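Input: structures, listed below.
After this come two complexes, each holding chain A, first together with chain B and then together with chain C.
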Partner chain A sequence: MTMRALARTRNGARAVGIATTVAAIAVVEGLIRGGAINAYIVPLPTQILAALPRIIAEEHVLHRFWQTAQEVLWASLLLAAFGIALGALLYRFRLLRQAFEAWVGALAAAPIVLMYPLFLVIFGRSTTTIVMIGFAAGLAPVILKTAEGLSGTRKVLIDVGRSFKLSPAQQFRKVLLPAALPSVFVGLRLGLIFAMINIVGVEFLINFGGLGQLINELAERYDLPGTYGAILFVILASVVFFDLTARIERWLRPVE
Partner chain B sequence: MAATGRVMPSGNAAPMRIWALRVAFLAVALAAWEAISASGLLFRDVVPSLAAIGAALARVLGTPDFYANLAVTAQEIGAAVVIGGLCGLATGILLGSNRFLSQAFESLLLYLGPTPKIIFFPVMIMWFGVGPGSKIAMGVASCFFPIAISTAAGMRQIDAVLIRVGRSFRASPWQMIRCIYLPAMREPIVTGLRLGLGVAIIGTLLAETKLSNKGLGYLVIQAYALFDMPRMYALLILLFVLSIGLNALLGRFSRVTRGISA
Partner chain C sequence: MAEALLDVRNITKRFATSDGGILAVDDVSFSVAPGEFVSIIGPSGCGKSTLFNIIGGLTGDYEGRVAVEGATVVGTHPAIGMVFQEESTFPWRTVEENVAFPLEIGGMAKAARMERAAHFIALVGLTGFERRYPAELSGGMRQRVAIARTLASEPRILLMDEPFAALDEQTRLLLGDKVLQIQQTLKQTTLLITHNLTEAVQLSDRVLVMTYRPGRLKRSVTIDLPHPRDSEVVSSEAFGHYVAQIWQDLREEASRGIEDAESRVRLQGARR
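Our next item is the complex of A and B:
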């Protein structure tokens, strides 16, 4: 198959995917109008669409988005600072890595977000709680991927640094970190995704902050089209976020 | 650090030293905890003494109440993993075996996969009620995606020779799934299941903390509401031990099966 034909089928497939999704939504609309689905449980998709401008204007979605984005930003700064430092520590001291790498791995599998009541007690119902949960939830992958990336540095590069008599700090900054950057960013991206998911989740759970709280509030007001619309908005925001971080990751990846 | 010190000494450190370091770390952490607890620097009871946590742990484990709630949560998570797992498996096989379908729908899966699922909880309450139904639905919504994505990726990694062997034996689609696809995909499926179980636990328990009157999540949030901190620590410790343990068990299973198939 020629490249063009391939591209055409791929675009065709995507078009079919979008068309099917739209058709499914249309069927739901029909079923609700026909009374087969209770309109008090699932609002009409057209109503949800109509609610979007309202939640943007009246519920200050953009301001809330900015609030959540700030929390994610703070968590990501903490993740970069502590995650990369701890990863470098694991790389530097082999004994430390042998003793604790498995523990960090177990931490990655632990349901950290369930500790949110504990964070509430320590930090109060505040932005700090939300940021700290995001940070804690995303920490393990940053540490592990940093250590992995640093130990994957090609020996030639290390030798070059040595022959230039770089100090340990220079060696780290000029040779190891740049070489490990793609892997570090894979970890950072994973950590950021975990942080973002947990930040929005905790906002919803503790009814505080940005987008997550909006969903909770609209649901408590029983504003169905608004609730569904706000959920759509969060999905949209997270898709943009993943796409952006994936692009940065591709950009950082070394050309093979 | 030796001059550059970047080349690691080869060979592993003695297991004794590794364990000594681990024990030392734990000892220091626990001592620091006890010191903070005794110092009164933080609000009272935020950092309860180890003895208080231990006593709470014994109390929690000694009451039938805990096991009844554990059973509720376990049933919810079990149902979620079965429903979400089967749906995920079917979706994954469908998308993995058909390039057109994968191009048409897989991006939807990849995009929806990492969104925060808990935001769907208000919708789930309306659809499935305030009882266990909405918690199971949360678990399903959480574990469906990693299992489907992992299965679809696993399908595409199957050795083409195996598929051709199946075809030349004129295996029916069902036989292909049972005899070729599933055995060849054991590892990605177990990986997906492991990820899925992890997020199903989180989804179900978070839903329980938000709105329920049964289950471990409910116990945790109740301890919070009563400000019974030792009890909350005890419950969280149990939750962590249970979920990390389950995850490790599945990990071991995946290694064992890998040993068999290799």
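Our next item is the complex of A and C:
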């Protein structure tokens, strides 16, 4: 089957993805066994796979996964609520956009995770600290992409709303927000990535919560197969949330 | 003539520019009777779309008065339903959701509005496409969705700004048939803004010719072709006579438009 024919089928693309991943893992396995990569730093992929049942049974990784997933979920909900609202404010008030857009852009580059002592002082060594750091880290892209999406709404769609005498609230809910949705979701996905990195990072730093804390503990014990196994679950969480946002977007805007 | 449903009186609109301003529309007055189909035709840049926006209530800050059944209209008005030149369907809504949009805004229950939407979808000949999204339709079908959506709001006056401008000539003629059918079924008072001569004569009871900048009304031509009409009317001798008559007026204005555009290009070149 040609590449073009494979690209046309969903299963074809999936098969290419899986095959490439398996091949990459096999290459890493070969490089470690051949001594090109130090086995004391990177464990064999087969060892990582073998460690998975152990970290599930003994380290309760699924429970840790669920803890991290809940924190990401809460941070995502806060991001959607506040990020979209603040983005809408920047769109609505030109002065605010001119005054704050550059600052919000700068916030995206700020290493929020390093401010964890401040969050610890405010919220204590708790889930709230972790969620709030994730929220703060992911906020900038949601705000910026929401404002960008709303500004990019085609004028004729706004005119259609005006011609039907929509109230400002209706214009926002029925025209502007749906029109901006693709851009809003780009922002949400970026925000989610930032939030997840920071959530796992803070769990690691303050030794509290889900997968980040587990990775910390396993690394402290120099259980490298276990550590990398737990990192696999972080990737899994990321995939789950990515897929979830894609499904929500498809549900809200089925066809472009 | 019956009492005017739409009365446009002494409309003048100026746009401020860096070199003193442009008089886009100058003292335009006309009226449209109930059930009448009137077209406004003019060359590009004659202020047709400005007039469309003023009558539809999207542009303020003009001199003159727009009235529906004698009452002055300020801003957008439910009596005037607008169909835009640009593709204006909501891409995130299906055909039926698009058409039901004004009914949803009006607070109609879902079952009732979908039933009502089905009626207007049938009227524009899109039955069977209710669950499709605009991206799955052709340009002509999308414009029919936009027309059905405006008709669903049951406006007294249907105001259209070159709705078929982006379509090829054959599709345009066939959609003209559809518009005529709709107009004859609903006795819909319609004001069409266009630069297409064939379209104007094919569809209208009356054609108003505008001058090139500033836009003034140059002539009103009553199209005395038999009803019901369809696109076959374009091959009749009378049709050719009307087209030739309007083209005489329009040609002079279009030539002025071209000369003006050329002189502006020359001026820009000289400034560089």
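Just so it is clear, the second predicted complex is superposed on the first by the 185 of 256 C-alpha atoms of A that agree within 3 Å, B and C clash if a C-alpha of one lies under 4 Å from a C-alpha of the other, contacts with A are read in each partner's own complex, and residues count from 1 in each chain.
Quick note on the criterion: a contact is a pair of C-beta atoms (placed from the backbone, for glycine too) under 8 Å apart; a residue touches a chain by one contact, two chains touch by 3 or more.
Note that this is a predicted model, so its numbers are computed, not measured.
Legend: residue contacts after superposition of the two complexes on their common chain; A:31 is shown touching neither chain B nor chain C. In the superposition on chain A, contact of A:178 is made with chain C only, not with chain B. Look at A:200: by the touch rule set out above, it reaches chain B but stays clear of chain C. Once the two complexes are laid over each other on the shared chain, residue contacts for A:166 go to chain B and to chain C alike. In the superposed pair of complexes, A:252 makes contact with chain C only, with no contact to chain B. In the superposition on chain A, contact is made by A:156 with chain C only, not with chain B. Legend: residue contacts after superposition of the two complexes on their common chain; A:39 is shown touching neither chain B nor chain C. Judged by the touch definition given at the top, the superposed model places A:244 against neither chain B nor chain C. Counting the residues of chain A that each partner touches, chain B and chain C differ, and the larger count belongs to B. Residues 162, 166 of chain A lie at the contact with chain B in one complex and at the contact with chain C in the other.
Partner chain B is touched in their complex by these residues of chain A: 9-10, 13-14, 16-17, 20-21, 41-42, 92, 94-96, 98-100, 103, 106, 109-111, 113-118, 120-122, 151, 153, 155, 158, 161-162, 166, 168, 171, 176, 193, 196-198, 200-201, 204-205, 212, 215-216, 219, 224, 227-228, 231, 234-235, 238-239, 242. Residues 56-58, 76-78, 80-82, 84, 86-88, 90-93, 101-102, 104-105, 133, 135-136, 150, 153 of chain C touch chain A in their complex. Those residues of chain A whose C-beta lies close enough to touch chain C in the complex are 154, 156-157, 159-160, 162-166, 170, 174-175, 178-179, 181, 252-256.
Chain B makes touch with chain A in their complex at residues 1, 3-9, 12-13, 17-19, 21-22, 25, 42, 46, 99-101, 103-105, 107-108, 111-112, 114-123, 125-127, 198, 201-202, 205-206, 209-210, 217, 220-221, 223-224, 227, 229, 232-233, 236, 239-240, 243-244, 247-248.
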